[in-house]
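Each structure below appears as structure tokens.
You will see subunit A twice below: alongside subunit B first, and alongside subunit C after that.
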Partner chain A sequence: MTKEVISNKQAIVLLSGFIIGSTSILGVGTNTKQDVWITLLLAMALAAVIYFVYARIIALYPGMNIYEILDVLFGKVLGKIISLCFIGYAFYLQSLILRNFAEFIRAISLSETPMCVIAFCGMLLSFYAIREGLEVFARWAAMFFPIMVFFVLLTTSLTLPWSDLNNFKPILFNGFKPVFEGALSAFAFPFAEAVLFIPTMGSLQQKGNPYKVYYTSLLIGGTLVMLVSLRSLLVLGPEIASLQYYSSYAAVQIINLGNFLQRIEVSVSIVFLISGLMKSSMCLYASVKGISHLLSYKMDYKTLALPVNLLCGLLALFVYKNAMQMFEWAEVYYKYFAFPFQVALPIITLIVAEFKVRARTQNGNQASSEE
Partner chain B sequence: MTTLIMVIIICVGMIIVDVIPLYKNQQWLSFFVYLGLLTVAIVVAITMDVCFQMPCPADWFKKIIILIWGLED
Partner chain C sequence: MKKVLVCLLILGFIPMIFSGCWNYKEVTQLSLLAGIAIDYTDSGEFLLTFEVADLHEMGEKSQVKSVLVEAKGQTLFEAARNVISKSLPKLYWGHATTVIISQDVASSGRIAEVIDFLCRDAEPRLTMAFIISQTKMAREIFEAQAPASEIRSTEINEILDDAGSQSKIVSTPLIDFIKAFSAKGQSAIATALNVEEKGGEKAIVNSGTAIFKKEKLVGFINPEDTAILNFVLDNIKGGVYVVKTDPENAEKKISLELLKSKTRIKPSYAEGKLSMEILIETSVALNEIGGSVEYEGEEAIRILGQKAEAQLKSQIEDFVRKVQREYGADIFGFGQTVYKNLPQVWREMHDEWDTVFSELEVTANPIIVIKHAGLLRKPIKPGD
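Coming up: the complex of A and B.
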């Protein structure tokens, strides 16, 4: 099997798109109202710490994906059990994204269309992206990412006449605790979800730098998420922004320049479509690559893409009862659910990896000194 | 019935595009894994559309999280 290789730039684009993902419509940290910017800065600081862990794991074992690394570190049996956890998380997260996609489309336009039709359309897009291979998908992402950034910047600048800087005040009115809790939520969704990007980083070119990829993406993705959140806060105000399900969409609906340029909220949908597709496809890649590894690469991950994706699409239909539960889950429970996959397992993996690498270096030094 | 119909349409496409070539190339592991996953998908779709309401996994995870982290419901 030919090894697929992606460049530093393509990895940055993919990861930035991954970070923006469904945040572009769901919003993040809206519960903290006018302190959303502090929440996001805090979440980005926490993400910077955990990104070091992710990048270090990749740097210690360059050219290997996370599943191969787990096998090397924990042995065949335990390694495969931990791999199964990551695969399950990737699978579940993809179904959550498909559900977000379906709920959003149903809420804004196709209210009478059965959810399965919308979810399966999103599912087929992800399948096609992965079926064509990671390199093709990365090239597509590099082409579409500037369009996404353009729309975010355009809509943000067009909402400036309706932005009220007084919406920032009063700062920390409810104290620091809700801000910290919001930061933990924002850390888990979307920043630390980048743990699922580790399997993709196995395809990074030899001279690629995982630290650069992770930190540049954090900067780009974080800035875009911040722009989207601030736009909602400044245009709608803290109360309405925290009550609206799709506050980002509602904020852009306000744009009306001289009765000529209006109804451009579809641009928010375009941004979500591009970033959501990137995120959903990366999750699919992580799960099928893992399953292919479990089968000792006797089955190509591209062949697995469609049946796994179909199951994901089906799970998306009953993963939540309704949109209300979806938002409650994202804001309250998701951070607890994701903690083992995003924080605990990577830290344990890094500790074991550091010990193994040091032991290997010491053994190498002893052998050379004996010679 | 929409879900079941869509799943059947996708499955027919999958059989034509993937399963038949796997069978012809005698890639038995891939063939059986593929068929296994297809069967699960069809069973889930039938269960969802015809038999009963599937249990929502978010509810289970919520209960487990509340139990482990000691949160208030």
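Coming up: the complex of A and C.
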């Protein structure tokens, strides 16, 4: 099996798309109303800390897959168990994204189509993406990412005439506590989900810099998430923005330039399709790569893409009973659920890795001095 | 053998691919909803009147016409679906431009129900014009004649689109209404329309603004006061402002064309007392000198500007006082301004904002700048 390699730029594009992901329609921190920008900045600051952990793990073992790293660090058995947790999280997250995707399309346009049909279409796309391999997908992403950015910038600039800067006021009316809680939610979704990008980073080119990838993506992805959230706040005002399930969709609905340029809210769906596909495919890659590793590479991850994806689609259909449950889960409980995968496991991994690497270099030094 | 199998497979896939969308809707099968009027029936049910664009007679000669369809139901959604039984295809709401609500519905406190329904469904758009009818039934608006277009909803939207050149009308898309409705320290307003009968023909006319307090309609203000309200709300985009130059002679009036206007509301809090200052900066052009021939030269224009300022100041202050006394509804969003700029004061006062508002001291300070006086150097005078 020849090793797949992606460049720094491709990794940045993939990770930025991953960060925007389903946030482009679900919105983050709408509960904190006019303080959403503080919430997001705080979440990005928290993310900057944890991204150091992620990037450091990769930098310590360049050219190695995270699952191989886990084996090295924790031994064959414990390493495989941790890998399994990680795979489970990737699998679960992908089904959540598929469900978001299906739920959004059902609510907006295809209200009579069975959800399995919509979920199946999303599934088919990410299956195809991973089936073709990471390199192909990365090239595809590099091509479509500018289109996505273009649409975000276009819709944001078109909503400017309806934006009211007074919606920022008053700052911190309800105190700092809700903002901090909102920041924790925004940290868990979408920023720290980038933990699932670590397997992809295993394919980063030799001279690639994982820190640069993580921090540039945080900047690009974070800015785009910020734009989308501020657009909803400024156009709709805090009350309506927090009322709407799909507030960024509602915000773009307002655009009407001289009765000519209007009804362009479908562009929000375009952004969501591209970024959602990137995110769900990266999750799929993380899970199949891991399963392939568990099977000692007897099966290529590309072969596994179909069965895993089908299971994922099934899970997506019954993971929530209804849309209300989906939003409640995302806003209230998700941060607690994701904490072990996003924060605890990576930090433990990093600590062990630091010790091992230190020990190794010390041994190496001793060995060289003895010679 | 293998080729046959492949062919069979392809044949099997063809019906799946070429059968098209399974719940597709062709344009001819849709009824395009143009507008909707919401009334009560005598028994207290909702009575919806739909204005539907009739596309069947579209051709080179025939104009687009509209059909009125009625439906009743205990809830709005039930009524909207009951219309299907009336031999009309399912209504498509995506192009609806107007919602008209009768006084009865608006003053019964069920307005939240209506806007919730309109926002919850995916088809209606937040940019629809939101209108309160001053007629007894909202549907009477749809029964009036429309001179420019065959569809009344379109006609109404044209009136509202032209609101820019006439300051006496307030345009409230659904989104703006909801914003004001759900905002802290602000009461909602909506466009008010009426029907006027002239020589047997009924025509739709602007009748000012409907004022809400919480979820109830509390009254209407006339188009003249609406112009003043637009000054306070910073809605002035054009229009005419008439100045009476001589208090003793009502004949003497001057028309100023409003070019540009900017309003800021400045709250201030001192010694436990809250007060509001309305700062307005307006650019105007002198367009008509009705019987006031003495206005010529720079100095005279300056004096005219001062007169206009004084008149606008007293009009605004009188109007605000009237609203405070008669309706007690904070349609100016003073509370919202306090909440945004003096959050600490708002925290103390928001519980008794109704009483605070009705006793609020409000001053207006308009600055009117006359930019030009049209094409004439001097007023035309009779020669001897």
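Here is the rule we use: the second predicted complex is superposed on the first by the 371 of 371 C-alpha atoms of A that agree within 3 Å, B and C clash if a C-alpha of one lies under 4 Å from a C-alpha of the other, contacts with A are read in each partner's own complex, and residues count from 1 in each chain.
Note that in this section contacts are C-beta pairs under 8 Å (C-beta built on N, C-alpha and C of every residue); 3 or more make two chains touch, one makes a residue touch a chain.
Quick caveat: nothing in here was measured; it's all calculated off a predicted structure.
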| item | value |
| --- | --- |
| Partner with the higher number of touched subunit A residues, subunit C or subunit B | B |
| Subunit B versus subunit C as contact partner of A:319, first or second or both or neither | first |
| Touched partner set for A:236, first subunit B, second subunit C, both or neither | second |
| Which of subunit B and subunit C A:5 touches, first, second, both or neither | neither |
| Which superposed partner A:169 touches (first subunit B, second subunit C, both, neither) | second |
| Partner chain in contact with A:336 - subunit B first, subunit C second, else both or neither | first |
| Which of subunit B and subunit C A:253 touches, first, second, both or neither | second |
| Subunit B to subunit A touching residues, read off their complex | 2-3, 6-7, 10-11, 14, 17-18, 22, 27, 29-30, 33-34, 37-38, 40-41, 44-45, 48, 53-59, 61-62, 65, 68-69, 71 |
| Complex contact set, residues of subunit A against subunit C | 107-113, 166, 169-170, 173, 236-237, 239-240, 243-244, 250, 253-254, 256 |
| Subunit A residues touching subunit B - in the complex, by the definition given at the top | 92, 114, 116-117, 120, 124, 295, 298-300, 303-304, 306-308, 310-311, 314-315, 317-321, 325, 329, 333, 336-337 |
| In the complex, subunit C residues that touch subunit A | 22-23, 119, 122, 125-127, 175, 178-179, 182-183, 339-341, 343, 346-347 |
